[in-house]
Structure formats: structure tokens, C-alpha cells
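Every chain is named by a letter (A, B, C and D) in the order it is written, and numbering of its residues begins at 1.
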């Protein structure tokens, strides 16, 4: 992990907003997740581009849980944990996927146009830090994604404001 | 506890949204809380009146924590747990207040106009169930507030839509 | 929270147009800003709440306080343009008859 | 999600004005609704995205699929009125040159 991100994560500031959501593994909840994220960072006055990047990366991660790990089984649920300050947006996704090997996620060839395979690419492009941790014993996965909000040293979103 | 509310709480439906927030004991966070509540129930399409009632009661409860229990000490924090379905809105507030005796909360005389003392009155008026549980040992308080959303059998908010 | 001020010397009227959410966090500011504007006697202080989207018991408490202070200055507090759900908080607490609401 | 349809026989043009968020939940509907409207040959299918406020890889995947299907029907897919941040998802994935965007 980048030393700067490690420091930010270990020294989360006092004005932290900490939010945990337990959500049903249904694609219907994706818009709810985006709304809650927007509500929880509104006071930070992020640019539209940056806010959308954060919503986008989080949605892609949750979509993968619903689609690949849970195969659209709506009786499953997963957990989101969001920590934000004016310096950092960190979101963790906790879910179950025995046998999941993150190293096997293919890297897409953008020259070859396909109907899928862009979700993780988008996540990695937007987020400053992406880390899947799997526990072979329990089959639990923890996906950590971090975006640095501090505009001076990050690119401040993928698009112009 | 009313048997109907007990039943609803014990048999929470599968389409539950479950949200936990850890918030700093600062009055600045009150608007954040209202935004997250609105975001988390938007899909239920509640009437404006009902949505505002829920925001109002929750804010009053959090204001009391910040003001009375924490005396505006912003180094303190408290937890909100929100559970919603199309039938019920339940919110629990977890905070610390050694020595708090809920029975001592005065009931206001509305004929005598004062500058305070209306918060708990408003909460009790809006919510269908309000219960403070204190643990003398740890000084921890758990405030549970429940609003039934099912319009046919509740009054559906304090005001006309 | 934002306050727009309008002063009409001939009518002895001050209009405060308030924008935002009146909870305990925003109430302190508003209170001191209006207290600063109190005039000797006979003035009307109108709080235009057209752009107030939220009000709770902290907001009500401040309004009660302001009305009492304004009365001491022999003035009148008038509250205008209440929207539902803000109006609802007044009726819930039976304060709609205490205040002069237009 | 809402779709408004407009059909211009003389120009062999169909315009689908889409409103909403294009994530995996809403994509299925849209896909089948447009596939139903495919005509034999030579038609232009315009997706007006003026009111699309969100699009992700699931939405992109559907668009890639639609473009391929439309090509099989010797038609043209045109995407119009992309707003930032939706346009951003196209450029991030380099699909802005694959699609005909106006």
C-alpha cells in the first residue's frame, strides 16, 4: 500500500463520518447506495466529477458482489462501510465468496470491444487504492477502496469539473 | 410495547434497509443525519409530511444527546442505527450518559410558553413507540423510536400532505 | 444558513429573509444576528421563512426568545411564508397561536 | 427508468429518450425494449441520453451489445446528448471512439 494512503487510513481525522450499511444482495439497492453516499459526503462539496467517480466505483464493486459472488440470489446480503473526511473517501465491501481468487480477475484489452469485463478496470482507474482480502477458511471477502480527496496532490476526479 | 409494534420489530421483513452511522457529537452533523435518512427511505416514496416527521424526531433525539448528554463536547460520538422497510421506520440512538433517568424528563405544559422543553414532547407525538433503555453499570443509553409507515392503520404523519 | 435584510424606515419595518435549516446548529447565529438589529420602539420585525426547509424545537425556542426580546423593545415579531412541513412544527406544539403568523 | 419513443418513417429514424440511471438493475429492461423495435435494414436508432444521470459498466455493456445487434440489422446506433459525468465513463473505457456520439 502507498505510504501516503497507509498514513491517511491509520490517522483518520476526528471529523470523520463513519457509516455502515447492511444491504440486500439485490440490484435494486444500487441506487439506494449511491444516494446514501451522496448524502454522506454532501458537506464536503466535492466536484460533480469526483462524486460521480466515487459512486461509480462503489456501484461497480457492489454490482460484482450481486452478479458474480451472489449470482443474483436476493436472499444474500453484504455490508458497506464508508469512512469519509475532507482528506479521504474509504469504502469497504464485506461479502461472502468462497473460492474467489482476486488475482484471477482479468485485465481487459480495451482494443477488443466486449460487452463486459470493464467493472474492475473502472474501479482501479478511479480509486487510489484497491485491495481484495479473502479469508479461505470462512469464504469472506473484504474489498477496500480508497480515494484521496485532497485536490492538490490527487487528480481530483477523472474528468474536468 | 404495543403488540403490533412488537410483532413488526420481531418480524422485520426481508426487504429491510439496515444502516448504522457513527457520528461525531457535533451539531454540525445534524443535517448530515437528515440527508442520510432521506436518502435511505427515498425508495419508499413517503409523503413529505411523514418524511419530515421522521427527520424531526430523529434530529430532536440527536440534539438532546449533543446538548444534554454530551454538553456540546465534540470529542464524543454516538451511534445511529436505522432499519426501514415499507412497513416500519425504526431508529436507535446509542450514546453515553451515566446517571440519566428517562423518567425525569419533564412533560411540558403547552399553555406556558417557554424557550425549551419541547424536544421529547415532539418525539413522543410523532413516533408510535419511544423507549429509553439505560444501563446503570456502563452508563450507556439506548433510545429506540419506531414509526409505523403503513398508512391504513397509522395517521400517516402529523400534517396533511 | 443565509439571511437577507431589508429595512423600510418609513414603515418601521425590518424583513429578515432566512434560507436554510433551523436546527440547534444554525439557530445561534440567527439569534445574535437579529438581536443586533433591534431598534428602540415601535418596529415590526418580519421573519420571512419562505426558504426555511426545516425547523425543530431549537428553532422554535429561538423564536420564542426573539418574540420576548422584541416585546421588551416594544416591537412586533411577524413570521411569514411558512411552508409545510415547517408550519406543522408550530401546530404540533400549539405555538401557532402564540406567534403572529401571516 | 422511463423511455420516450419517437418514430420518423420518412427519415427511417427512431429516437429513444431515456430517463434515469443506467446500472445493472435498469439495463435489462432497456435492452429488451430497444431490441423489440429493431427494423429490417437501413434505420438509425438514436439514444437520447439527455436525462440519463448515471451510467456504469453494465450500461456500457448493454450499449456495446445493442450496437452489435443493430449492425446485424444493417442499422446505425447514435448516442446523443451525453452529459458529464456520463460522457466520462465512455472516455475512461476508451469507448468514445467505438460509438457514434453526437
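As a convention for this text, a contact is a pair of C-beta atoms (placed from the backbone, for glycine too) under 8 Å apart; a residue touches a chain by one contact, two chains touch by 3 or more.
Worth saying up front: this structure is predicted, and the values here are computed from it rather than measured.
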Third chains touching both chain D and chain A: none
For chain C, the least number of touch steps when starting out from chain A: 2
Between chain B and chain D, centroid-to-centroid distance (C-alpha), Å: 44
Centre-to-centre distance between chain D and chain C (centres being mean Cα positions), rounded to whole Å: 52
Mean-CA-position distance for chain C and chain B (Å): 26
Residues of chain A engaged with two or more neighbouring chains: 28, 31
Chain-chain contacts as defined at top: A-B, A-D, B-C
Residue numbers on chain A that touch chain B, as the complex places them: 14-24, 28-29, 31-32, 35-36, 38-40, 42-43, 75
Chain B residues touching chain C - in the complex, by the definition given at the top: 27-28, 30-31, 34, 48-49, 52-53, 55-56, 59-60, 63, 66-67, 110, 113-116, 118-119, 121-122, 125-126, 158-160
Chain A partner contacts - residues on chain D that touch it in the complex: 21, 23-25, 54, 56-58, 60-62, 64-65, 84-85, 87-89, 91-95, 98
